[in-house]
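I have placed the structure first, in the form of structure tokens, so that the comments after it can refer back to it.
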Amino acid sequence: MNGRAILEAVKDGSLSVDDAERMLRAQPFVDLGFAKVDTQRRLRQGASEVIYGASKTPEQSVKIAETLIENGSECVMVTRCNEEVHDLATSHGLRSDYRKDARICIIGDIPERTRDSYVCVLCAGTSDIPVAEEAAVTAEVLGCNVKRTYDAGVAGIHRLLSDADTIMGATAVIVAAGMEGALPSVVGGLVSVPVIAVPTSVGYGASFGGLTALLAMMNSCASTVSVVNIDNGFGAGYIASLIDKRGEV
Amino acid sequence: MNGRAILEAVKDGSLSVDDAERMLRAQPFVDLGFAKVDTQRRLRQGASEVIYGASKTPEQSVKIAETLIENGSECVMVTRCNEEVHDLATSHGLRSDYRKDARICIIGDIPERTRDSYVCVLCAGTSDIPVAEEAAVTAEVLGCNVKRTYDAGVAGIHRLLSDADTIMGATAVIVAAGMEGALPSVVGGLVSVPVIAVPTSVGYGASFGGLTALLAMMNSCASTVSVVNIDNGFGAGYIASLIDKRGEV
Amino acid sequence: MNGRAILEAVKDGSLSVDDAERMLRAQPFVDLGFAKVDTQRRLRQGASEVIYGASKTPEQSVKIAETLIENGSECVMVTRCNEEVHDLATSHGLRSDYRKDARICIIGDIPERTRDSYVCVLCAGTSDIPVAEEAAVTAEVLGCNVKRTYDAGVAGIHRLLSDADTIMGATAVIVAAGMEGALPSVVGGLVSVPVIAVPTSVGYGASFGGLTALLAMMNSCASTVSVVNIDNGFGAGYIASLIDKRGEV
Amino acid sequence: MNGRAILEAVKDGSLSVDDAERMLRAQPFVDLGFAKVDTQRRLRQGASEVIYGASKTPEQSVKIAETLIENGSECVMVTRCNEEVHDLATSHGLRSDYRKDARICIIGDIPERTRDSYVCVLCAGTSDIPVAEEAAVTAEVLGCNVKRTYDAGVAGIHRLLSDADTIMGATAVIVAAGMEGALPSVVGGLVSVPVIAVPTSVGYGASFGGLTALLAMMNSCASTVSVVNIDNGFGAGYIASLIDKRGEV
Amino acid sequence: MNGRAILEAVKDGSLSVDDAERMLRAQPFVDLGFAKVDTQRRLRQGASEVIYGASKTPEQSVKIAETLIENGSECVMVTRCNEEVHDLATSHGLRSDYRKDARICIIGDIPERTRDSYVCVLCAGTSDIPVAEEAAVTAEVLGCNVKRTYDAGVAGIHRLLSDADTIMGATAVIVAAGMEGALPSVVGGLVSVPVIAVPTSVGYGASFGGLTALLAMMNSCASTVSVVNIDNGFGAGYIASLIDKRGEV
Amino acid sequence: MNGRAILEAVKDGSLSVDDAERMLRAQPFVDLGFAKVDTQRRLRQGASEVIYGASKTPEQSVKIAETLIENGSECVMVTRCNEEVHDLATSHGLRSDYRKDARICIIGDIPERTRDSYVCVLCAGTSDIPVAEEAAVTAEVLGCNVKRTYDAGVAGIHRLLSDADTIMGATAVIVAAGMEGALPSVVGGLVSVPVIAVPTSVGYGASFGGLTALLAMMNSCASTVSVVNIDNGFGAGYIASLIDKRGEV
Amino acid sequence: MNGRAILEAVKDGSLSVDDAERMLRAQPFVDLGFAKVDTQRRLRQGASEVIYGASKTPEQSVKIAETLIENGSECVMVTRCNEEVHDLATSHGLRSDYRKDARICIIGDIPERTRDSYVCVLCAGTSDIPVAEEAAVTAEVLGCNVKRTYDAGVAGIHRLLSDADTIMGATAVIVAAGMEGALPSVVGGLVSVPVIAVPTSVGYGASFGGLTALLAMMNSCASTVSVVNIDNGFGAGYIASLIDKRGEV
Amino acid sequence: MNGRAILEAVKDGSLSVDDAERMLRAQPFVDLGFAKVDTQRRLRQGASEVIYGASKTPEQSVKIAETLIENGSECVMVTRCNEEVHDLATSHGLRSDYRKDARICIIGDIPERTRDSYVCVLCAGTSDIPVAEEAAVTAEVLGCNVKRTYDAGVAGIHRLLSDADTIMGATAVIVAAGMEGALPSVVGGLVSVPVIAVPTSVGYGASFGGLTALLAMMNSCASTVSVVNIDNGFGAGYIASLIDKRGEV
């Protein structure tokens, strides 16, 4: 019985005021109109759901995915997982696609893309590719077209500039970079769309597991840059997808 | 002579290949189509420009504003300035509006808003208001409608929830918070649009001038949250405006 | 109209279900039973209220205090304020008591203490006294008896031990210490009641404004010790008062 | 011969002043009335004792437990231990109960609870459960009733609010949280009893092994919150038990 | 009545056992033989006492000094004070000597030195001299001969080496250095006596107020080096005096 | 078709202005004269190229080296690799030389040195040798003569001074040091050529993986010292080679 | 009497071996051939000397300068000084030139430049100019030609590229940058000469007084970059001058 | 030929001035009287030598020890080594004694102690014993008598006080403590001899591998305390032995 139903029952006398008061307190606020409160845990982008694989066994991940699909989800994404999840899903008769670089297993059907717009994902060096791919695949599963420009470090700035048109045409740009974390600033100066910077834990010595890149990105001289946690490719892909679909409705 | 003009001149023989080659190298890339490269420094959102007032004398700020307006800008925003800029602008016969809380002086006419959408700006405590206002006024000058929910700290969570409908209806949400920096996480769990978190330097002791809030925001358990520099209300307002107008063209 | 009143009105038909649903959403959750949600901002310990004076003008502080007392508060405490608040309160005809060491102005009547139990406040050096006093006066205004043992640093451990009986008889012990922050561990080994440690910003060089004391206290080998923010005497006094009155009801 | 006995012997001449002086110096201060000095190492809460298992072999832990029980202890708790301790204790004919989540082995009989009051233990995510359970089981062994509310992260605030009545009825609330460490602030705003915050080392990137959560909790805007060391569930459970039994005597 | 006197009184019946027991507990442990417990606060080196001037008014400092001298102290040292203390002491008819560089005022008569041994004080740059002088004057007032080698930074290593004989002949060496804090390591390699390193807050940028020097000194490759707090010249001088007089008794 | 070729084609009419404009934008800036933009990735010092072996399989490293040599490179250096690379290169019929201490495999022929000048490489302790050797071998492969002075820690300063003539005669000096990182300052005071300091991760406790050495080196009192990342021997060797060959052309 | 003179005196019998041995030990090593040991303190580049003005009164600075010039110095540079030094020098009849941006006063005649080569000095923003100018003027006084490219931040990368030819033609490049400190990496990718990076304390929030820029620069992906202390323009200019004159002799 | 011999040769004409000058420069400074420069590397305390075992193979350690003993050393101490060194030494026919707790192997004969004085070594918890033992055994091998007081943490302060007489009678006190690092302050208040504090890496969470203990010790309110690196028991034992033997000559 949701909030309205309770009120109706009070109105027609089938529910006492006392009971109604108790019920209103006890149940999820969702019934009072806060339906979106639950959005965070069930990502209803397109028709996809997300399982954070790092803290689950392959069995747990696949079991949850299976249940979701049985209940109507078209596509379930398991992040930070290894190939075992894929093998197990396949052996359960599920359609499964494992993206090794991204460490993401996609179970079910990736929703078709209905927009022409695209998100651009860049990274500075080859070691940053796993984080960049996590972002790119996340955005794809959430319904975005994605264009990638990898290995475009600032010490070889011409490589970045040669892709400038592509970058400037995106609705949002994700930039993954470790070491000195300079790439988002350069990109942020090229584009007039939001740049989501992802510091990576790539580097050694004074890179401090990504802290240096994180701090550098926070201090970007480009006003278009905001930052997510170290190696948080998923978060970047998720935010970019929210921006990309902004023009939709 | 821009890139095309140079090519035309080469074609008609009025320019030698040697001279053309030298000219192409020497001049700003803008002529080769990288017009947007310059976007960062001249914010052509609506018809507004931005002057960073903190590192300039009132005279310098007003002089630059005057020149921009004489050259066709409708509206110039001077950030991090005091009331002197406003007084001086007025004495120069410029239309000027000083927003004390935001420390922003708006010279010229704020562009009319043509969108129905709005950006929501929240802050945790009254001490965070200057940063929140810098974000809010920035977004307004850049053409956005803005709705404010101030003093909605997590230790009085009901205040936040009572504004939940407003918050959930925005195209982007800016959250300024100091101390433990928890508000963006709570908000990020409520909404399915990008949340731009601004750590503020409000606090004492182990707040370390905003570092604690910054780190907490980076670790947000809500995937919708990205972060800008401590006290960087301008950046947050700017990014939010980019997202808000995304649906426009 | 609170939650129950709304339900009654729905029941007797004076309120439509639609309007009731809207009203339930719009109003503070307090009406649905979350009365204590508001506790944080209005500290109803005994009959006292608290105003954080640091971010207010004396005029603002006194105005708020006056209003609260006119509305039935017996006692209002203004923290982190200077003597101006006291002078202004007195000139408004309010009964006022300024505790210089604690930087607290007490307006109205401190509630009588009805318990025999007491809270013990210790500090390591004379420079820690302001923080210790903020804690002690806070606890007193919130209805506790307080016993003080000041200047009991660990480098003169006999001073502490000579007060051991007093310390061991308290319901809660507050320990303020800067520099190496060792006192809470020693005290925590003496007593079997909660010890609330307050790192102070006293020290120089590698004390880093209290961070060293804070970290040392976090690592206390005594299991009875928990820690509040640097210089947060108010918080410590508040928590101690909650523990002290625990046995009351 | 304790302090009084020594004095009596001096009085009746059976002990010389010289010998008495030497004896007073040499013996534990406990004889001079500091009996509780020893409390820290032998936790006489109910009738339970605690062994820190992390720095001991299973054999050592079980040997100590056996000796304690032979000497009259009803219940001995071994913390941070694995199942080997349990197996070994059982093979020694000891009644043993292993709590896997809490990594605690309880040897002997948990004391019956004689109070109606209860302690509430919350945690933000499933990864925080081991720390929360260490706190919960510790409090139980020390004689408290415990109610648990797990997986109540701030990004899904309604889950927390739906348990608000339970939380508000406790005598003390323990909150374990990693990542941004925001949960204690939200809880601290709901209740008017002490909140003991336990930062956990859960997180990645800029969580720095729990430091971010620790700093955030230190800066809590709720005055009811004090903090213990990262992952220190035992300390939190111990302090909560002290508060819970405060009303007893 | 000290500990022995109490025992004698019990013996001769002039004091009851009850009263004796209470008195033993109440009074300073000094009477039970812990006379040195008090050493820290009353430095009985030679016949000198120390007042920490930084947290006292000139009036307070002089008043304390006066009282000490009236009660038999030959010499009182006021540290971290300005010339006002000296002027005030002189106007009170006290013999006073102000050491400007060391910020120390010596009231009374410096004890004559009866040892031939000496302490050596070095510093790296002219900006380190105040800290070095605080150490040197402290050691002198505490009865040591002191030899100074200033401005002997490692970037001009020959200056240090030319004083090598002097340095090697000391009973203890104090080295004050800011910036990279390298001098103690070099000195520690030259001598076979304890080297007390004092990091100073001299430097800029990445010197972090002396933290860099402190950390460098902690990592000294010379095994003879131990470290005191940043700018703690007094502590270094005090420890050196303890070592210097070691051979005395 | 490079930039000039495009212009020529426009001039002779074989290329339209439109196509020329598009081509100028699309192709690498190298064609417009920024040939050196690419320098970073292909180190054309003498005739050597560099492969960063740490992030590649031996197979990948050798394959790249083989291709480069087939395309005319005389010498290819694989850094941070183990002996497998050497064995594999040899089995491919390549001339290969593995420098174990430096963890560098040199494939092909080290270019002959044509300069009399030399670079000097120092290190403080035997544990710093791998970093020093990485620097030394890098400089050698890039065409420099190298003189080594190892195990010259500041705590045995005479060892350093006995090599002073050698050190002072170099065109650039590389100094690798961990722990307190003092050696570059001492060396920087001896020479009037650039000193490139390399902090190493050698040490324990408060050395923090090289951070202490890094900070100490940044604060060097010698103006000749600049610093590269922790353990970055390659970078130091590369910069030194640039300085050494400065006098060449 | 220098080392040689001592030996001559021993040879001709005018000095005993004992006295000679003592004298050799006592005097500066400079006489034994380590003349360059003293180089650090007396910068004999061209014919210029340097006085660090920050820790001296104008009177002291001018007095030293006057003495140096009377003793044959052609040019003395006073760093980190204000205009008072210039006024005082002029009033003493000295030829003086005050460079306001660089905070350097040049007393005497800047040596003529005899090389064609030049050093390039870049900075990211207008706020970085004082540090850049300190570097540039230092290099000029030490005999270098200097070319400046200011306000070339990475967020407007085309400005940098348009000066690429100038930058690529230098013998050494100095790059001063605050905030994210990204510029040196971009420049380091363009050139094949040493890049000396100077982090500046420009920025706010998470720039931590230049620490973020410093760390970012240490992690530069360009192998040509080494770093000096925050705001250390003088050091950068000095090192660049050493590299520039490398080709001279 | 040492310095004096050179001078004699010049005097009698058998050596030219030119050659003498060159020779003086070339040879170790030891010949000029800096014999003690070498002290650091060869610890001639009593007749013992030290080998740092951590960076050597057992074979290397034993080989060095064997050589030293063949050349007249009575006793060689190998630190941070495992039992293999002992076994190997024994198999080489060397007298060997392995101290497991201290991780030290003593090869040869510990010198007899000729002093009555003693050094006292304390530690806070059982986990600190390895570091304390490293200090204690080092001091013993270097000729000191050592008295140990272990497991004397500040949370059970009476245990420390019951050993007060022993502690107060030492010539130097070493205190090893992890966690909050409070013990040295308490001890420093009891004694009037130098206290050498050794932070240990014992602890978890916010102990940061010993950094918290280190910082706490640096801030000790007792003036007798100086600090060595984390876990540096050897250094503490070495310094204590220097102090202990101070009274000897």
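Think of it as A, B, C, D, E, F, G and H in the order they're written, each chain with its own count starting at 1.
Convention: contacts are C-beta pairs under 8 Å (C-beta built on N, C-alpha and C of every residue); 3 or more make two chains touch, one makes a residue touch a chain.
Worth saying up front: this structure is predicted, and the values here are computed from it rather than measured.
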item	value
Recurring contact interface, reference A-G, options C-D, E-F or E-G [over half identical by residue number]	E-F
Selected pair, greater C-beta contact count between B-G and A-B	A-B
Rounded Å distance, subunit A centre to subunit H centre (Cα mean)	56
Separation of subunit D from subunit E, taking each centre as the mean of its C-alpha atoms, in whole Å	42
Geometric centre distance via CA averages, subunit H-subunit B, whole Å	60
Shared-contact residues (touching 2 or more other chains) in subunit E	25, 33-34, 37, 40, 155-157, 161, 165, 188-190, 205-207, 211, 214, 218-220, 222, 229-230
Which pairs of chains touch, using the document's own definition	A-B, A-C, A-D, A-F, A-G, B-C, B-D, B-F, B-G, C-D, C-E, C-H, D-E, D-H, E-F, E-G, E-H, F-G, F-H, G-H
Subunit D-facing residues of subunit C, complex	29, 33-34, 36-37, 39-40, 43, 161, 164-165, 168, 171, 188-194, 196, 214, 218-220, 222-230, 234-236, 238-239, 242-243, 246-249
List of subunit A residues in touch with subunit G within their complex	124-125, 153-157, 161, 179-182, 185-186, 188-190, 203, 205-208, 211-213, 215-222
Subunit H residues touching subunit G - in the complex, by the definition given at the top	3-4, 7-8, 10-11, 13, 17, 20-21, 24-25, 32-33
Subunit C residues within the subunit E interface of the complex	126-127, 155-159, 161-162, 165, 204-207
Complex contacts: residues of subunit G adjacent to subunit E	25-30, 34, 37-38, 40-41, 55, 199, 201, 209-211, 214, 229-232
